[in-house]
Amino acid sequence: MRKIHARSTVAAAIALAAIAVAPGAAWAQQAPMMDKPAMAAPMAPMMADRAKLLTTPGVFGNFSTYKIRPDYYKLSAAERKGAAAEVLAAVDKHKDKIIVDAYLTRGFETHSDYFLRVHSADMAATQAFLIDFRATRFGMYSDVTENLVGITKALNYITKDKSMDLNAGLSGASYTGDAPRYAIMIPVKKDAAWWNMSDEQRLKEMEIHTQPTLQYLVNVKRKLYHSTGIDDTDFITYFETNDLGAFNNLLISLARVPENKHHVRWGSPTVLGTIQTFENVVKSLSN
Amino acid sequence: MRKIHARSTVAAAIALAAIAVAPGAAWAQQAPMMDKPAMAAPMAPMMADRAKLLTTPGVFGNFSTYKIRPDYYKLSAAERKGAAAEVLAAVDKHKDKIIVDAYLTRGFETHSDYFLRVHSADMAATQAFLIDFRATRFGMYSDVTENLVGITKALNYITKDKSMDLNAGLSGASYTGDAPRYAIMIPVKKDAAWWNMSDEQRLKEMEIHTQPTLQYLVNVKRKLYHSTGIDDTDFITYFETNDLGAFNNLLISLARVPENKHHVRWGSPTVLGTIQTFENVVKSLSN
Amino acid sequence: MRKIHARSTVAAAIALAAIAVAPGAAWAQQAPMMDKPAMAAPMAPMMADRAKLLTTPGVFGNFSTYKIRPDYYKLSAAERKGAAAEVLAAVDKHKDKIIVDAYLTRGFETHSDYFLRVHSADMAATQAFLIDFRATRFGMYSDVTENLVGITKALNYITKDKSMDLNAGLSGASYTGDAPRYAIMIPVKKDAAWWNMSDEQRLKEMEIHTQPTLQYLVNVKRKLYHSTGIDDTDFITYFETNDLGAFNNLLISLARVPENKHHVRWGSPTVLGTIQTFENVVKSLSN
Amino acid sequence: MRKIHARSTVAAAIALAAIAVAPGAAWAQQAPMMDKPAMAAPMAPMMADRAKLLTTPGVFGNFSTYKIRPDYYKLSAAERKGAAAEVLAAVDKHKDKIIVDAYLTRGFETHSDYFLRVHSADMAATQAFLIDFRATRFGMYSDVTENLVGITKALNYITKDKSMDLNAGLSGASYTGDAPRYAIMIPVKKDAAWWNMSDEQRLKEMEIHTQPTLQYLVNVKRKLYHSTGIDDTDFITYFETNDLGAFNNLLISLARVPENKHHVRWGSPTVLGTIQTFENVVKSLSN
Amino acid sequence: MRKIHARSTVAAAIALAAIAVAPGAAWAQQAPMMDKPAMAAPMAPMMADRAKLLTTPGVFGNFSTYKIRPDYYKLSAAERKGAAAEVLAAVDKHKDKIIVDAYLTRGFETHSDYFLRVHSADMAATQAFLIDFRATRFGMYSDVTENLVGITKALNYITKDKSMDLNAGLSGASYTGDAPRYAIMIPVKKDAAWWNMSDEQRLKEMEIHTQPTLQYLVNVKRKLYHSTGIDDTDFITYFETNDLGAFNNLLISLARVPENKHHVRWGSPTVLGTIQTFENVVKSLSN
C-alpha cells in the first residue's frame, strides 16, 4: 500500500473574509515540507492535483472533527496497530479525486481527538471517501463531532480593481516563518445587518479588516471557504502558523474592527490542532 | 418484494417563503429521473400518487434525520446485508398511503448519516410507516436526531392577483440543469415583528425576497412546508440542485434582503445530503 | 387486571393564556369517544373522577415525554409482550388518585416516542404513580426527555365581568369536528415586560389574542396549566384536534398579535402526538 | 448504624434576594417535623449543629441533582436493598461536619431523580462527604446532573436600618401552614445593569420586590445562598411549601416587579422535589 | 518512579484582565507549600523550571476538566490501585517540558471530577503529555469535558507608565492568607463593543475594574491567560484562595463595574476545585 502525504501545502488565501489565491501564487510554491515522509512525490497520473485543488476556485472543502469512543481502547493492541494501514488504504483508493489533511487535536479540544480537511472538485467524491473511511476500524470507533462544508471562490473584496493598495499589500508579503506546526479552523457567521449593507459599505469594512492583518502575513497562512446555505455558517476560515502568540495577536486585531459587531458566530468551535500525517494521527491515537 | 423508487420528483414550489405549485405545473412534469431504477412506473392502483402528493396543498411532509449507532457495525455482515430488503418491505407495506425519499448525509453532517422525507395526506399514516421502519433492523439501530413536520399550502404571496409580474417571472422559468444530486433541508422561523406586520408589508418583503431568486430557477428546485404550531419552526424549506455553488449564491442573495432580519431560525440544522434510492442509502451505510 | 381508559375527555378550556372551563361546560359533555375500549364506564367508587379533574381549578397536570432506550428491543418478544399489562396494573393501582392520558409521538418527534399527561389533585400522588410506572419493564427502558408540571386555575382574563362580548364568543361556540386524533403540547414563557404590564394592559393584549381564535373553537380544543415557579415555563398549553391544517392556521393567527413579542419560550419543545390508549402506546412501541 | 434525620428544618430566610435569618429567629424554632424518624434527637456531641448551620452566615450550601443510570436496575434486588444502609453509613461518617437533606424529584424533573442539599462550615468537608457518597453503590449508579454551591450571608437589603417597615413586616409573620412536603430550588443570575446600579437603587428595587411577598410568609419558607464567582449563578434560592398553588402565585408576583427585567437566569433548572428522608429517597428509587 | 509535586506555586498575576507578573515578583517567591510531599526539591537539571514557567510571558497554559466514566468503578480495586503510579510515570516522562497542577472538583461541579492545569513553553509538548496521560488507565476512563488553552503575556494595562498609582497598589500588597486550598477557573469573553473601544477607553475601564480588587490581594491570588483565536474565549482567569467568602465578594465587586456590561462569557463553566497533588486526585477518585 502506498503512503499518503496528508500534510498541508496550504495555498496563500490572504484576507480573512473572501479570498482565494490564484493558481501559481507565490505562497503555494513555497509551502513548507514540515515533515518529510519517505515517499516519492505524488506525481502518479491518477492522483488529485494537490496544488490545483488548493488554489482553484470552486473546490469543496470538508472539515470534520472526530472523537474516538472509549471502547476503541478495549480492542487488542494488535487490532489497533493495523488501524493506520486500513485508513491509508482508504485514502489511496480515493486519491484520484480527493486530498486529505489530518490534524491531532487531543489535549487541545473538548470535543475532538483529531480533525480532517478533505478537498475535492466534487462533493459526492468527498462523501464516498468519508463513507469508506468510516468503514475502517479507526473510523468505525470515531464519532463525528462537527462537520462543516464550504466551497472556494475567487477573491471578491480586496481585488486589484476595488482596492489596489491593499491588494498590493497582500501580494507583497509572504510567509517567512518556520514550517507551521499548528492549524486553526474557525467558522464565521455574519448577521442580517452585515448582509443587508451595500457592496460599498461591505468593501469598506473589509478594507478596515484587512489593514491590521497585513503584518501577520509573514507568520500566519490563511484560506477561506464559503458555506452560506450549505451549512450553518457563512465562512470557514482556516489558518496555519508556527507562532500561536502572533496568531492570538492577529485575532485580537480582527476583534478590534467594526466588522466584529456583525459576527453571530466566530468559532463555536474554534478548533486547534497540530499538523500531522494521517498516519501519525492514527498511530498517536491508537496506543 | 417489490422495489421502491425513493427518488425525488420534486414539484416546482417556487418562491422561498410561501409557495406550493398547482397540480400540473410545468416543473412537476419535467422532474428529472436521475437514477433509473429497473421497475415499472408506479401506476399500481394501490400506490400513493407521487405526482399528486408532491403538488397538492394539504399534504403532510415529514423530515427525519438519523444517526446509526456504532453497535450496528457489530452485527454480522450477513445480518447487515438483509437490512435493505427489510426496509423496502416496510415501504412496500405502506405504499398506498405514503411516499418516501431518502438521502445520504454521512460525510456532510455532524448529527446524521441519512434523512428521510415522507409525504402523506394523513399524518397518522406517516406515523404508522415510521413506526414500522423503526422496527426493522436498520431502523432499530438508527437514532432519530431531528424530526420536523409540515403541511403544504397553496401559494399565498406571489400570486397572479397580488404580484402579477413576479408571478409571471416564477412561471416563466424552469429547471434546466442536470438531474440534481444534492438535496438541502433548511428550517425557517420568523420573529414576532415579522408576524405582526400587515399583509401588505409582508407581501412587499416577499417581493423583494423573490426578485433576486428568479435567476436561480434554472438550477435550483424548491418546495415549501408550513409548520407553525405543529413543530418548533415556521417553515421547512427543501431544495434540490446539482450546482452547490449556485445554491450558495442563491442563499447569499436571500441573506441580503431585509426579510433576513426577521429570521430567528434559519438552519440549525441545515441538512445537506445526496439524493439516493432508499436501498442505496441502506446499503451504503451497511458495509 | 382491569383496563384503563387512557383517553382524552378534555375539558373545554378556551382562550389560550388563562382559561379553565367551569365544570359542566358544553364541551366537556360532548368529549369524543375516539377509541372505544371494551370496558365498563369508570364509575367504580374508588376511581378518580375524570370529568372533575379535567374541569376543576387547582388540579395538577404533569406532562412527561419519553424515549425508549435501544436495549428494550434486545429483550425477547415475550418479555416485551408482557409490558402493557404491567403498565396497566400500575395505572390501576393508582386509579383512585390519578388519571393518565397517553400519546404516541414516534415518527413526529426527535426527543420522544410517547408522552403522558397525568392529572391529580395532589402532586405527590402523581409522583407516586410515576415512580411505579418507571419500575415497570416499559418504564424502566424509557428515558424521561421532558417533564413539565402545572396547575389549573379559574379563568382570569376573558371573564364575563372583564370582557363580556369575548366571553360570550367563547361560550357560544363548541367543538363540532371529528373526534380529535392529535394532541399538541406547547410550553409558553413570557418576558419581564409582559409581567410588568398593568392588569389592564395585559387584559387588552389577551382580548386581541382571543379575537382571532374564536373561529377555531369548532375544530381545536384547548386546556391551560400554570407553571410559573414550579417549572421553567409560565404556561403549558395543550390542544386536541383532528385538523392539523386548522391548527396551523390558529397558531399563525396567534403569532400575528402583539402578545407574541413577549414570548421567550413558545414550544421548545412543541410536542405532537396521536391520541391513543396507554395500552396501544405500549404495544405499538413494543413490537 | 445510626439513622440520620435528613429532613428539613429550614431556617427562616425571608426576602428573596439577600436574606439570612439571624440565629434563633422564630421560624427556625418552629421548623416542622414532617416525618418523624424513629431516632433520638441529634444531640450527640460529635454531630454538626443543624440549627446553627441553617441559621449562621458563612455556611456553605451545596445543591446537587442526580439521575440514576438504567443499569442500576440490572443489579439484583438484594444488592439494591443494601443501598440505603450504605448511604446512611456515609452520612454517619461525616455527621460531625455536614448535614444532608434529600429530596425525591422523579416524576417532576427531566434531568434528575433526586437532589441533595448539604450544609457545612467548610466546603472541603462537603466535598469529602460527597466523594464518599459517590463511592456507595447508590452513588456510583447516580450521574450528577447539576451541582451548585453557595454561601450564606447576613441580610443586606431589608435590614432594620435601611428599610424598617418592611423589615418589621418580614419579622411579623411566620409560617403557619402544614408541614411542607415540597421543596423548590431556583438559581438566579442578574445582569450587569443590575450590578451597576447604586446601592440605593438596588435597595429600592428590593423593597418593591419584598412588598408583595409578605403575604406568602405564612405558607412558603425561603432560604438564600450567594454564589457569584464560585458558580455560574449569583444566587440559589430555596423554598419549602405545602401549597404549590400559593407558591405559583408568589413567583408570579415576583415576575411582576421591575427586578425581573434583570434576570439572566431564573431557574434553568427549577428543581421541584418532595421532602423525604435520605433513606426514603434511596428506597423509593431502589425498587 | 519519582514523585511529582503537582501543587500550585501560582505566580502573582494581579489585575483581572491583562496581567502577568514579572519573573521574580514577590508573590511567586512566597508561594505556599500547602502539602509537603516527601520528595526532594525539583532541581534536577532536566526538569521544567516551575517558577519560570509560572512567571514568564509567552508560556502556554492548558486547562482541561475530566469526568470519570462509570465503568472505571467496575475495574477491580487492584487495577484502580495501580492508576496513580501510572499517571505519575506519565508526568515524570514529560517533566523536562511541562508542569502539571491537579484539582479535585467532584462534589462541586456538574461536569467534572477533576481538572488539570498544564504549563509549557511549547504547546506541542503539552499535547504530547496529555496524549500519554490519556493512555494511562485513569486517563482512558476519563472523558474530557472542557479544554481551554491560553498564553501568558506581559502586563498591558495597569503598567507603571500608564497607570502609576494603581500599579503601585498592585505591587504594594501581597497574599498573606493561609495556604490556598481552593482554585477557581473562569473563562472570560468580551463583546465587539469592548474590543472596538480605543486603548484609552479600555485602560480607563480596567482602572475602574482594578480599584476595588486591591483589597483582595491579601487573600486571593490571580493569574491570567490570553486565548483570543486559539479558543472560544478571550481570557482564562485563574484564582487561588483559602477564603471563598472573600472570593465571592471580590467577584461581586467585579460585577459592579461597567466592564461587566461587555462580558459575553463569564464562567460557563466556572470551575471550583480543591488544590491537591495529582496523586491524591487519582487516589481520591479511585476508591
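Note that the chains take the letters A, B, C, D and E in the order they are written out, and that residue 1 is the start of every chain.
The definition used in the following text is that a residue touches a chain if its C-beta (ideal position, glycine included) is under 8 Å from a C-beta of that chain, and two chains touch if they have at least 3 such contacts.
This structure is a prediction, so every number in the text was calculated from the model and none was measured.
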Discussion item. Quick check on the contact network: minimum steps from subunit B to subunit D?
Written reply: 2
Fill in: Starting at subunit C, fewest touch steps before arriving at subunit E
2
Item to complete: Measure off the straight-line distance from the CA centroid of subunit A to the CA centroid of subunit C, and report it in whole Å.
Response: 50
Worksheet item: In whole angstrom, how far does the Cα centroid of subunit D sit from the Cα centroid of subunit E?
Response: 31
Worksheet entry | Multi-partner residues of subunit B (each touching 2 or more other chains) | none
Fill in: Ring walk, subunit B to subunit C and onward
B, C, D, E, A
Discussion item. So in the complex, the part of subunit C that touches subunit B is made up of which residues?
Written reply: 70, 73, 104, 106-110, 181-182, 184, 186, 244-245, 247-248, 250-252, 254-258, 260-261, 263, 267-270, 272, 274, 284-285, 287
Discussion item. Touching residues of subunit B toward subunit C in the complex: what are they?
Written reply: 58, 60, 62, 64, 69, 123-124, 126-131, 134-135, 140-141, 143-147, 149, 151, 153, 192-193, 195-196, 226-232, 234
